[in-house]
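What follows is a set of structures to go through.
Each of the next two complexes has subunit A plus one other chain: subunit B in the first, subunit C in the second.
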Partner chain A sequence: MSAVAGEGGARRGFSIGPFTPLFACLGLLVVWQIGAMLLATDSIPTALEALRAVPDVLGSRDGLVNILDSIRRMAIGLSAAVVVSIPLGLVMGRLRAVAAFFNPILMVIYPVPKAALMPIIMLWLGVGDLSKTLVIFLAVTLPIIYHAFEGAKAVEEKMIWSGMAMGMSRVEILARIVLPAALPEILAGCRTGLVLALITMVTSEMIARKSGTGNILFNALDMGQYDTVFAMIIVIGALGIVLDAAFDRLRRLLVAWAETRQDIPLSFT
Partner chain B sequence: MRPLTMPRTMAEEVSRDAEIAAAPPMIAIEGVSQIFKTAGRREHVAISSINLSIADGAFVSILGPSGCGKSTLLYIVGGFVVPTAGSIKVRGKAVTGPGPDRGPVFQEFALFPWKTVLGNVIYGLRQQGVPRAEAEERGHRLLAMVGLKGFEAFYPKELSGGMKQRVAIARTLAYNPSVLLMDEPFGALDAHTRTRLQNDLLDIWERDRKTVLFVTHAVDEAVYLSDKVVVMSRSPGRIKQVIDIDLPRPRRRAELLLDPHYQKYIVDIERLIEDAPEEAVHP
Partner chain C sequence: MRATFPRDFTLGIIPILLIGALWQAIVAYGYAPPSLLPPPGQVFTRLAQQLVGLDYLAQAAATLLRLFVGFAIAVVLGIGIGLMAAVHRGVDAVVRPLVRVLAPVPKVALYPALLLLLGFDHASKIALVAADALFPILLSTYYGASTIEKKLVWSALAAGTPPRQVLYKVVLPAALPSILTGCRIGLVISCIVVFLAEMISSTDGLGYLLVRAARSFQTVDMFVPLISISLLGLVLNALFYCARRVLLRGFPEV
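Let's look at the complex of A and B:
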């Protein structure tokens, strides 16, 4: 019955083992190493030099504090966005009037790069945590709203009727039927949100340098410490992969009941 | 009409009839019409001035070709769709929306895929505040009744169509509605599974004889299951004729198939449906 799910890889002609992503990363490092050795310029350290600098970044107190600052802002911005976006998206998906009101507003906001708002927000809220967290929040909100909206719209009418016949109120229908039924779609939105949060986290720190991964990166760049620059890029990349993989683990656990397996390619954005 | 199983005195007979006449019917459909606006802003009359009275404990089928509005009528009784005109009364009380006194079973099953089989069955009970232990005990009993003992921990995606519909029936029976509203419940199943579910539904129904409103387009299914078959015509959907099915209960399929009365009902109803000229379905 559920054995069918395990055969997804075979269709594509080759099987994807657990080490395939590892090989890809290794391949990338090899290409980098050879490329850097051939070019032999100061501004492009070899992969080995960059990797050697990673422990220095992670080992120093300053480095760790900056990275944890970044992660904290990202976590707060992302959580706030999830809390606000999911209910809004679900209500929009079930009430046409609410969707008609919010859709045009969101359509205008959607294509604006949220990091571009950073200078204005800094003007109002300063260069501290609040501005950066707010920008992350703004960047993540829209995709989650959109996915929750689409998910709620697609919920089978008869499923909702079944709940109504059990005597559920509209709020109970939303919380106990629409939310779980739309969960696979919502979590797909959250995954996009996670990647966007990471990108915005770095960008915001680049614009408002005070602390964080972006801060270390650009300070090192200013001082010509190119191995540190690339070490930081590796750290940010690794953070992205780890967070994404962890989230996907959680997602699969939560929606194992769903009819189809939703395979989202890693970092498709 | 119905053969008496026990001799009764005239007085008893009269008083019983008076009692039946005085009590309101389980379902009273009064002058119900439903008009949809189509995409081209034309009005499509789905059903037109339906009057129907259904007694407590009756098994009534609504039979008709696709597009005759039979499902719409069922949804209106369920309170899921508000009729353009007319009213529905259940036990004398006007229907204003869905409620646990009317339990639907849909062709699409509409199970909650994130819940296990048992979780689906007890969803309504938990909603009504029944403690978990009590709800689960009742759930186990219902699942045994519909023949799904041992499947409590399965998820809907792991079940066949017939099993899904058994779960859906148990889920609806769990909150003990007075009326079962069945919308072509076996329409998506293969012939063999359909036959088995029909038999099992009759067995379950014989236990407590709930009122059932059963929508179908299969003539043999309607005759086999029902006390009354309401034949509808298409465009607009109207009641063409109501036929009392006077076949003894409990019914056994093998006996019925050999029963000329059963065969005659089917032939008569098929003729009645064929009588209507085949009309183009309005888009």
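Let's look at the complex of A and C:
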């Protein structure tokens, strides 16, 4: 425990090597393999068996169509949320009255389980793409609004004054000063949104089983195709890890000038 | 600050009232049949009736049990692992890559696996709640504990505190604001997740009530559990906020 004194003194960087996550994945698979071999029940396949079933899921036309359906809904819902939330958040951050107007209603909406709206929205819009995309949109808007709001609030006043002194209009100030200055915070919100979109995508499909990843997952569970269940879990998990890593790469490119505080998104609010 | 409070409050109440009015208007002018959108009065009357009924409370109790057990597991594991990783390099080297990989995985996708492992009873739902609430708590503990003022640790050591005790005498209290923020996020997540887990596969609990109502197209009964769980989230969030203020008395404003 002397580590408290020794290493606590030198603050370590928050960056992480590219290979360690890979090792972590391997480690998890090894633990799974050993655990499944020890349990030796039919319903829990070993990691190798599940991995062997992955090409079957991805290779079949049906599986691929379902997965692409899911990804399309997620992309549309997420993009729509980004387009609506960022301007709203930025305006809220700069204008007190707008913030006062929206904050309480957002606070009330915050603890509503968005994917649980699925059965009600299905009554209105049907089981199709529209209701699932809408649910994803609803789930993702709040964190992005919140982060854009916090980012815009924290912009240095002197920069705004300089812009005003140079004769910029209010819209120009918002687009050319507030937006870039708040970008690191906005992108942090988008990253949370991405993870949340994926969660909502899977959940909505589990509740309204018509197509998509959650559909395959639970149909396979009902039919006792346990290899497929676990293969699908691997596919969804890999999707989450890859999307998150890709977005993080993009974020580092866009806001290389800002110091990164955390390498993992903290808030899932 | 105080002078603007009534104005802000009035502004803030407007959208909430607007939504209520819109809801009432849609029903009253017949744009939506009551079978698709029941009038708000009817929904809240049913909510009030249910909240005093024993049957409904029993279902809510099942939900609460899963919620709190799952959340408690997440708090213990999250704070424990987070603190260890922040002060011990060996633990850190193992935990960080694992968290990096597991945090962006949608935990709900693990639910079928949990069902197969732990059965369809409480255990699988509790495990899902714990898995989802764990990461915000773990991460905020980790960041809180690794960014504390090093002088605090040095002073404690210089004053003769055994290194073993520094962890809970200095590091833990210093990281408390961050830890409690993580716990609050985790608590609301727990609320949401327990409800979803009950919707996907359950025979009791508030989430099950929603699914049961949906199967028989009882629209009013679909709204009631949804509003209950949202209110529960709001109340727990507010309670936790108060608890946080009491616990953090004397801390600089955070």
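Heads up, the rule we're going with is that the second predicted complex is superposed on the first by the 244 of 269 C-alpha atoms of A that agree within 3 Å, B and C clash if a C-alpha of one lies under 4 Å from a C-alpha of the other, contacts with A are read in each partner's own complex, and residues count from 1 in each chain.
Criterion: a contact is a pair of C-beta atoms (placed from the backbone, for glycine too) under 8 Å apart; a residue touches a chain by one contact, two chains touch by 3 or more.
The structure presented is a predicted model; accordingly, all values stated were derived computationally and were not measured.
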Tell me which partner A:A181 touches in the superposition: subunit B (first), subunit C (second), both or neither.
first
Thinking of the overlay built on chain A, is A:I34 touched by subunit B (first), by subunit C (second), by both, or by neither?
neither
Looking at A:V65 after the superposition, I want to know if it touches subunit B, subunit C, both of them or none. Which is it: first, second, both, neither?
neither
Partner chain(s) touched by A:A258 [first = subunit B, second = subunit C, both, neither]:
first
Quick check on the superposed pair: does A:A246 touch subunit B, subunit C, both, or neither? Answer first, second, both or neither.
neither
Could you look at A:L26 and tell me whether it touches subunit B, subunit C, both or neither (first, second, both, neither)?
neither
Check whether A:S162 is in contact with subunit B, with subunit C, with both or with neither, and answer first, second, both or neither.
first
More subunit A residues touched by subunit B or by subunit C?
C
Kindly list the residues of subunit A that each of subunit B and subunit C touches, one partner per complex.
1-2
So, in the complex, the side of subunit B touching subunit A is made of residues 78-80, 97-100, 102-104, 106, 108, 110-115, 123-124, 127-128, 155-158, 171-172, 175, 177
Please give the residue numbers of subunit A that touch subunit B in the complex, ascending.
1-2, 156, 158-159, 161-162, 164-168, 172, 176-177, 180-181, 183, 255, 257-259
Counting only contacts in the complex, subunit C reaches subunit A at residues 4, 7-8, 11-16, 19, 36-37, 87-89, 92-93, 96-113, 115-117, 135-136, 139-140, 143, 146-147, 150, 153-154, 157, 163-164, 166-167, 171, 182, 185, 188-189, 191-192, 195-196, 199-200, 207, 210-211, 214, 217, 219, 222-223, 226, 229-230, 232-234, 237
Under the definition above, what is the set of subunit A residues touching subunit C in their complex?
1-5, 7-9, 11-12, 16, 20-21, 23-25, 27-28, 43-44, 96-97, 100-105, 107-108, 110-113, 115-117, 119-120, 122-124, 195, 198-199, 201-203, 206-207, 213-214, 217-218, 221, 226, 229-230, 232-233, 236-237, 240-241, 243-245, 261-269
